[in-house]
Amino acid sequence: MHKAIEITELTKVYSNGRGISNMNLTIDQGDIFGFLGPNGAGKTTAMKVMAGLMRPDRGDVKIFGASVIDDYVNAMKHVGCIIETAESYPYLSANENLKLFARFYPHVDQKRIDECLEITGLLKYKNEKSRKFSLGMKQRLGVAAAILSKPKLLILDEPLNGLDVEGIIEMRKLIKQLVHESGTTFFISSHLIHDVELTCTRIGVVYGGQLINVDYTHNILSNYSSLENYFISEVDRNGRV
Amino acid sequence: MAGFKAAFIIEAIKLLKKKKIIAAAILSIFAVVIGQIAVTAIKHGLGLRVAGSTEFPFLVLSIFSYTILPLFATFVAIDMFSGEFSSNTMKITLTRPVSRFGVFSAKVLNLALFICSNLVFVMILSLLAGFLFNMSSVSLLGFVRVVLSYMATFFPVFVFSLLVVLLSNLLRGGLAVFFLAIIAFIAFNFLDIVFSSYSSFFITSMFDWYTLWISESINVYKILRQVLIMLGCGIMLFTAGYYLFDRKDI
Amino acid sequence: MKLSKKGITALSFTLGACLFVSTAFADTLLGSGYDQLKGSAKNTASQMEKGLDSYTIEALYALKDNGQTLYEESNTNKFDAQKQASENTSVTQVSSGNTTTNYSYTDQKHSIWKNGTDDKYYVTEFPEDEVRGKMFASPFNAKGAPEIEKIVDALVGNLKDYVQAEERADGGRVYSGSLSEAQVPAVVNAVSSFGIKQMINEQGRMQRDAKMPEIESDIFVKKVVGTAAENKSGLLENVTGEVILSGKDKNGTQHDLTLNIVLKLSNIGNTKITMPDLTGANVENVTDSGGFSSKFVGKYKNNIITEKDGKFIKIGERNLEITSMDKDKVTGKYHETVKPGFEAEYGDKYNFTFEYNPKRSNSMSTFTYTNSKGEQENGQLYPGGSGKIYLELNIKMIDSNSYQSNNQQYYDGEFSRVFED
């Protein structure tokens, strides 16, 4: 099986001492990986390095075999991502925003843009400036932008942020659908344990800048009554060390 | 270069959609109109012909190149870097399959394009105004000189805007960059007066180097030296700006 | 060998920095023709002030309107530092064709002056011990000159390179530069056009025979051309300049006003100055005594005036008599007469003799006299034209450069010569 992401000895420490240290992780193609951890554990830092927004102090990230440090363009060719917040140009409409992003991918046409707007339920707001969008709508636009190029890997940082119940359910449905239809690999970070339990097939727990355990969801659920219990016991065990 | 074309078009569209470009256009028209009114007033009031039809663009250029043009180039440069860093929109392009060098050069090239188009716009306006108000003194040589002068003015202003690019990758706040750029501009002009023999080191002293291009006997070596100075300074500033941009953690 | 990204970045930065710094330094060191010319002018001026034994400067100014001469002036100045002598001949020609010649000669003891209208030499003799000013002062050493130089440099800006320097075979250099209409900066164009326009208007009013064209509209600087030749010892020998100003007069006729300036420095080290031979010539001696000369000896009168019933009436006379006029010494008498009936109103009358030693170097010199109460007071005396003398009495000195005068009402200080028929 091909590796979608290979993280080796990744270290990035901020001047305040927080960050991530010596992280090793491999994600197989077709995984829905849940990146679980409390606030400030280093989830976003790890994802920023993966998306090339940050330069690690040490270590490397390879996406489909291409290093994000040395071969960024090839690494990002099949990646869609939302890091921290879903951003768009506020002075452009939803459609114009997507049209701009589409310029990076020659195979994306207006039909695909409309398709993505349809999937995320933004079609009726197509020509509205994104400045006027609510947080949830901006998040939906972000998702639309991320899936626009039909990427093989989606890196989503807190994708459910700001979404209403309907949106959360649709999002879950979308993830399942993409995995089912095109075998898309997911790397999702969240602090919402329940959602991770419902969607992810594999779970990694980050705490204090370190990846403390990685396991398949069905393994965890066979040993613990719920993911929540697993998470608490893992964090507890680590906190005592 | 992969993704460069896309990044370039994106930057261009972003620039066009912003209000700054309209403000720059309106101010440019304003400057030309006010200039023409002043010239006409002086002509009728004092009987002095400050500028004939082909001299009027030079008059406009001599003022425009030291005011509106560098000011708006600074605005645009700050917007492209500091502005995008602080509004978090920088990561939209940076998470796409394009290298940081591609994004950086796309931005800088757009900045150059902006300066260029602003110059062309003002040149056409001032030529039109000159022709309309002083029909009597039109000449082909004058026209060629005008075009040459406006073209030449692009380079020093562009190099100055590269300095602003460097500053906006160095500092976080757009306002801080703006003030620093203004201070640098004033300081360069001031130092140019105090140490006039070292004026070759101050890029602002070349804002009026178009005078070299329209001289009766063109001093080729001097022009070559100025070109090399600007080239060296430009390469230096571009590389330094890129280095900071490349190392930046978003 | 493949360079890393960091390596390329460092290399490119270094390359840019090297290119920038080295060319900028080279540019600074090379300087512009303007800078060389300025250096040369400074050197010449300071050499002329100190260093050169003798030299001749010829200056020619000519103003032409569409090729027709309006005004022409040629000036020949000879300087001899060793003899401390200088000689100056100037010839002026106006458009009517009238020519005037002025001649002057100065050395340590004499100053001889002759103008074109009367064929007469005016001779002044100086006392031996007097310290006299320099014959020539470099304008670059004047007060405030460095500041002005900086401002001019900044204004000139990139026009500096309009001055081109060319080496000559004999080791000298030729500078040349020209500016046409489009190259003259608009501000310079406007200011100089305005200045010249004002000058022309004033000239026209003052010299009716100059026939200045009254240009009124479309005035602009059409062309500025200049050349300068430097000899191998770094002295500017020949400087020429031409400014063409164009404009239209009331009738819409185009006028090109051309101002030509030629400056020549020649005969360095072998200029000979000889005192003009005054034997048999019409000579008038002018004493160096604050403008007084022996012709001022005589009687002078000034009316004492008052106002009564809305009319001016004369109530008496002030009488001044200059009894002798020697070198540096003027002696005289002064008394006042008042008509009977007005004595009480007028008050104390002056009646004194005085001796006045005016000094050329001090315009504030005074003489003392005694008033009717026996007190010492100060007075001042000036010679006037057409046989008049101005007298100020009861002066209070404030410091060496200013004073307060306490003149009586209706007193103008002007004394007219009393001629005896």
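By letter and in written order, the chains are A, B and C; residue numbering begins at 1 in each of them.
The rule we apply is simple: a contact is a pair of C-beta atoms (placed from the backbone, for glycine too) under 8 Å apart; a residue touches a chain by one contact, two chains touch by 3 or more.
Please read these numbers as outputs of a predicted model, since none were measured by experiment.
Chain B has the C-alpha centroid lying closest to the overall centroid of all protein C-alpha atoms shown. Sorting all chain pairs by how many C-beta pairs they have in contact places B-C at the top. Distance from the subunit A centre to the subunit B centre is 42 Å, each centre being the mean of its Cα atoms. Inter-chain spacing, taken between the CA centroids of subunit B and subunit C, is 47 Å. Centroids built from CA atoms put subunit C at 87 Å from subunit A. Shown for subunit C are the residues in touch with two or more other chains, of which there are none.
Residues 42-43, 46-52, 54-55, 58-59, 62, 142, 145, 192-194, 196-198, 200-201, 205-206, 208-209, 211-212, 214-217, 219, 222, 225-226, 228-229, 231-240, 242-243, 246 of subunit B are the ones touching subunit C in the complex. Remark: subunit A residues 48, 51-55, 72-74, 76-77, 79, 81, 83-85, 87-92, 100-101, 103-104, 145 touch subunit B in the complex. Looking at the complex, you find that subunit C touches subunit B at residues 9, 12-13, 15-28, 30-32, 35, 150-151, 153-154, 157-159, 161-162, 164, 178-183, 185-186, 189-190, 193-194, 197, 215-220, 247.
Those residues of subunit B whose C-beta lies close enough to touch subunit A in the complex are 2-3, 5-7, 9-10, 13-14, 17-18, 87-89, 91-92, 94-100, 102, 247, 249-250.
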